[in-house]
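In structure tokens below, several structures.
What follows is subunit A paired twice: with subunit B in the first complex and subunit C in the second.
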Partner chain A sequence: MGFLEIISFVFFAGLAPAFISSFIAIAMNEIYGITRVLNLAQGAFMTISAYLVYYFFASVNVHIALAILFSTIITAFAELLFVYALFLSGILRQDDIKIEESSIIITFGVMLFIQGMTSIIFGATPKAIDIGKKWSILPGLDSIGISVVIASLLIFTLVNTLLFSTKFTVGRWVRSTIQDKDLANIIGINIEKIYLLVGFISGVITGLAGGFYALLYGLNPYFGLYYTIVGFVAMAVAGIGNHLITFILSFVIVEIQSLLGLYVTVGVAACLIYIFLIFLLVVKPKGLRSGLR
Partner chain B sequence: MTCSTHTDKIKAFKSVVVLPIVIVICTMLVSFGVILMLPHYYRLFELIFVFGCLITAWYMVYRFLGVVFLGVTAIFGTSAYLLMIVQPIFHSYLIAIVVVTALTSCAFVPLTYLLLRTKGSYFALLTLGLNLAIPQIFSSLEASVFRVSARFVVATEFEKLASFLVVSLIFAVLLSFTSVLPKMRQLYLKLLAIRADEDAAKSLGIDAYRYRFLTLIFLLLVVSFVGSLHVLQYFRVDPSIVFNLDYTVIPLVGGLLSSHFSSIPILLSVILTLTLLYYYLGIVVPGLFEIIMGLIIFTVFVVMSYLRRKGGA
Partner chain C sequence: MSSEEIRMKMALGGKSEMNGQSTDDGDLCVRNLIVDVENVRVLKEVSFSVGKGKSMGMLGPNGSGKTTLCKSIMGVVKPTKGYILFGKKEITKLPPHERGKIGISMVPERIGIFPKSSVEDNLIIGAVSKLAQDNVKDMLEFIYEKIPILKEKRSLPAECLSGGQRQMLSLGRALMNKPKLLILDEPSQGLSALYIKKLRDLLQQIKKEMSLTLIVAEQSPIHIKDLCDEFLVLVAGQVSGFYQATDVNLSTIWQRYIEG
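For the complex of A and B:
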């Protein structure tokens, strides 16, 4: 195998996981941008979805597309409930800094709870779905990988258009809430509804990411944390509301990690990227661009 | 007037000198009592002292810096695993522990220095990321450089007992320090001022960054020292054992509960309760401990906030 072939193989093999991590990054950016909740449990919600797909497909014998649909809906409602609980408790009515600080601890607790529940219900041993990978067009990318990439692109475009386009009323409301939630409240935008909507959409994106993940890899209760960290770093470096940059950055992080894995071990590659991104956050604490705020 | 000043001096003497001595003597008595009379509970008490050290150090950082440090596992595991790598070179656990504590603290100081420059919430998330990144380095090192999957502790019984006693002594010293700190007016007030309003503290001439940094170094030293001592109690060690997220979860929950009900008896009862839960539930149902910790955090923040809001209304 020539050098270029190896590079292209690694690149295409990293495409699907890169898209999955981009999903989590966008979901985190959305929740953080609007509610100021730094959701450490985003990866854990993804775990719920992945395990539900496994359950529906392997135990109830539901078609894989339906399994992903059901699990996505359940995950979306779970995240919506979580946002609603935060709203009811009054945490989302505090200052931005207080919301961030308390949300870190609360979502860490939620992450532990979900990990514990999945450990008890499904066991800590790895689980995997076998749906048969039939054909391959590109080196390193099979049929499932290609479907994941295409579906991810479609969903990204849809969500971005709906939530952040000024052509839609919802998009205008969301943008206003990101820029100044108090002012948005004064001009009559129902902040509670926006929070719930964003919680639901973030849950849908996370649910889909979990579903796609279940198709590609083995599951264990702790896999979500890696995606949370990558998602957070991409989100923080990109800046609030910068969905496209978040998407690209998260994609690039995972791809570079895969490519670096050719020269150093994957663990060391992850560390190198992590340290580089910390430097970037120190130099530019508000991200590469200031975003919508 | 003279009489009241005299009484105050006696009270101050009792709280600054007598209380710490009493705490240290009691803890050492408990340690020796466990070794001589309750050998079956040796492991449980060792965990109590280890978690006690971690919770107390974490609580101090949370109380005075207001930052949530989620990278305890990374530091704890690094010092523990580094000890396993370094010990064969020195052929002595004593020298190895000193070297490892110094090495781990020095390695994390620049990183902490960088992280402290980010926002509080980013700091928490990035320190959590350390728990993922550092074990990967050790796993890679073991697989590609040393070509071993696990290491075995070769400490004698005497060395294990000595490490147990040292951990209990560190715990006693930390607890004494926590109890005495409010009496050290200058330092205590400076730390409180930094926590309350960093800009105001700076304008009063307090070097806020220096104190914040020193407090974090204190945490690094305690965690790495306890980590290198604790690993002697194991038989077989691999990265998944020492880089366990429970070493972050327990200080977090313990520190949060202690800061909500700030007093020494509460701190002690929190340490005891959490260790007992970890020790017994971890064996009975894997995952149940995490559920309970998650529920505690959720209750402390969300449910109590809701009840407070309802009460206020």
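For the complex of A and C:
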């Protein structure tokens, strides 16, 4: 196998996780932009979805497409409930900085809770969907094919998010709430509804990511953490509300990590990338673009 | 019932009388309003009323509670005690988005716009009531006719506008909601004389055309003397006096500020 072939193989193999990490990064950006909640449990919500797909498909014998649909809906409602609980508790009515501080502690706890519950319910040993059964349902699709499907869906999601935020009144309200929630409240926008809507959208995106992950890889209760870290870094560097740059960055992080993995260990590759990103944040503390705020 | 009669009745009456009085759609009655912010009493038993289509200037020095009163009427600040009636409805406990739906809009102080959204999006965002949402296109045309500069810059991000243009945009956004009651919190703050005049002329024009009830908070009556029918003076969170437009002059108001 020549050098270019190896590179292209690694690149294509990295497509699926890169797209999945982009989903999570966008979901985190949505939630953070509106509520200022740094959701360290975003990857854990993805874990819920992935295990639900596994459960529906492997245990209940539901069609894989329906399994992804059901798990996405359940995850969306779980995240909506999570945001609603934060709202009811009064945390979201605090100053932005206080929200950030308390959300780190709360979402870290939620992440540990979800990981623990997943371990108890499904066991800590890795689980995987039966590959033969999976391919028989998606004939002609290998992992590259799945990546293309995921990419198409992600681009569809991105375009729709963009259209939603620019062409529909509710989308404009979301954009304005991201920019200044106090002003949005003063002019009569229903902030509570916006929070719930964004919680639901974020849950849908996370649910899809978990579903796709379950299609491609083995599951363990802790796999979501990696995607949370990538998502968080991409969001911080890209700037709040910049879906496109968040998407590109998280994609690039995962792809470069895959490519560097040819020469150094995965851990060293991750370190090199994060050192570079920290450097970027030192140079441009507000991120590559200032975002909507 | 005139606003003066309502005011007199409010000054004399209790809660039952307030609930019994027949206010018209667009009338605003505030009675015995007490507001505490972080354990500090900012408003102390404030009572006043404004009749439909009338405009009231709310005058007061810095820290007198003007902004808190405006925010209380809009529902952003929750009163500790007291009542607010709008038309025939008690709105004391309604959240801001519910007040927006029944036709109350506010132009906040320090030029509140959404800088990253386009000028047109800033305007559309303001249509929060069902009525306004059904008439977005007509209202946009109306606003563009009244404030042509916004039409010229409709597709630019709002952050590209000058200070005066931003204030016009903020006003335009509030008008997009087809309000019955419009509250302006120190609209002339930081504006040039030219834009203050533009703003005042526009408000005078719109007030007539839309039968708007107006509340304009300012530190000085200079810019709004011709705009308002009556004036309320607020000092240290209390109503210090009421004046008809013909009776108000700068020295009297300053005297009120000093005496409290």
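Annotations
In this text, the second predicted complex is superposed on the first by the 259 of 293 C-alpha atoms of A that agree within 3 Å, B and C clash if a C-alpha of one lies under 4 Å from a C-alpha of the other, contacts with A are read in each partner's own complex, and residues count from 1 in each chain.
We take it that contacts are C-beta pairs under 8 Å (C-beta built on N, C-alpha and C of every residue); 3 or more make two chains touch, one makes a residue touch a chain.
Not measured: the values here are computed from a predicted model.
On the shared subunit subunit A, the superposed partners subunit B and subunit C are arranged side by side without overlap.
Of the two partner chains placed around the shared chain by superposition, neither subunit B nor subunit C is touched by A:66.
By the touch criterion defined above, A:7 reaches neither subunit B nor subunit C.
When the two structures are aligned on the shared chain, A:88 is found in touch with subunit B, with no touch to subunit C. Contacts of A:154 after superposition on the shared chain: neither subunit B nor subunit C is touched.
In the superposition on chain A, A:186 makes contact with subunit C only, while subunit B stays out of contact range.
When subunit B and subunit C are set side by side, the one touching more residues of subunit A is B. Contact with neither subunit B nor subunit C is seen for A:128 once the two complexes are overlaid on the shared chain. In the superposition on chain A, A:102 makes contact with subunit B only, while subunit C stays out of contact range. Of all C-alpha pairs linking subunit B and subunit C after the chain A fit, the shortest spans 10 Å. No residue of subunit A lies in contact with both subunit B in one complex and subunit C in the other. Residues 38, 40, 85-86, 88-91, 97, 100-106, 108-120, 124, 221, 225-226, 229, 232-233, 236, 264-268, 270-271, 274-275, 278-279, 281-282, 285 of subunit A touch subunit B in their complex. The residues of subunit C lying in touch with subunit A in their complex are 71, 74, 76, 95-97, 99-101, 104-106, 108, 112-117, 121-122, 124-129, 133, 136, 173-174, 177.
Subunit B makes touch with subunit A in their complex at residues 66, 68, 70, 111, 114-115, 117-122, 124-126, 128-129, 132-137, 139-140, 143-144, 249, 252, 256, 285-298, 301-303, 305-306, 308-309. Within the complex, the subunit A residues that touch subunit C are 166, 169, 172-173, 175-176, 179-180, 183-191, 241, 292.
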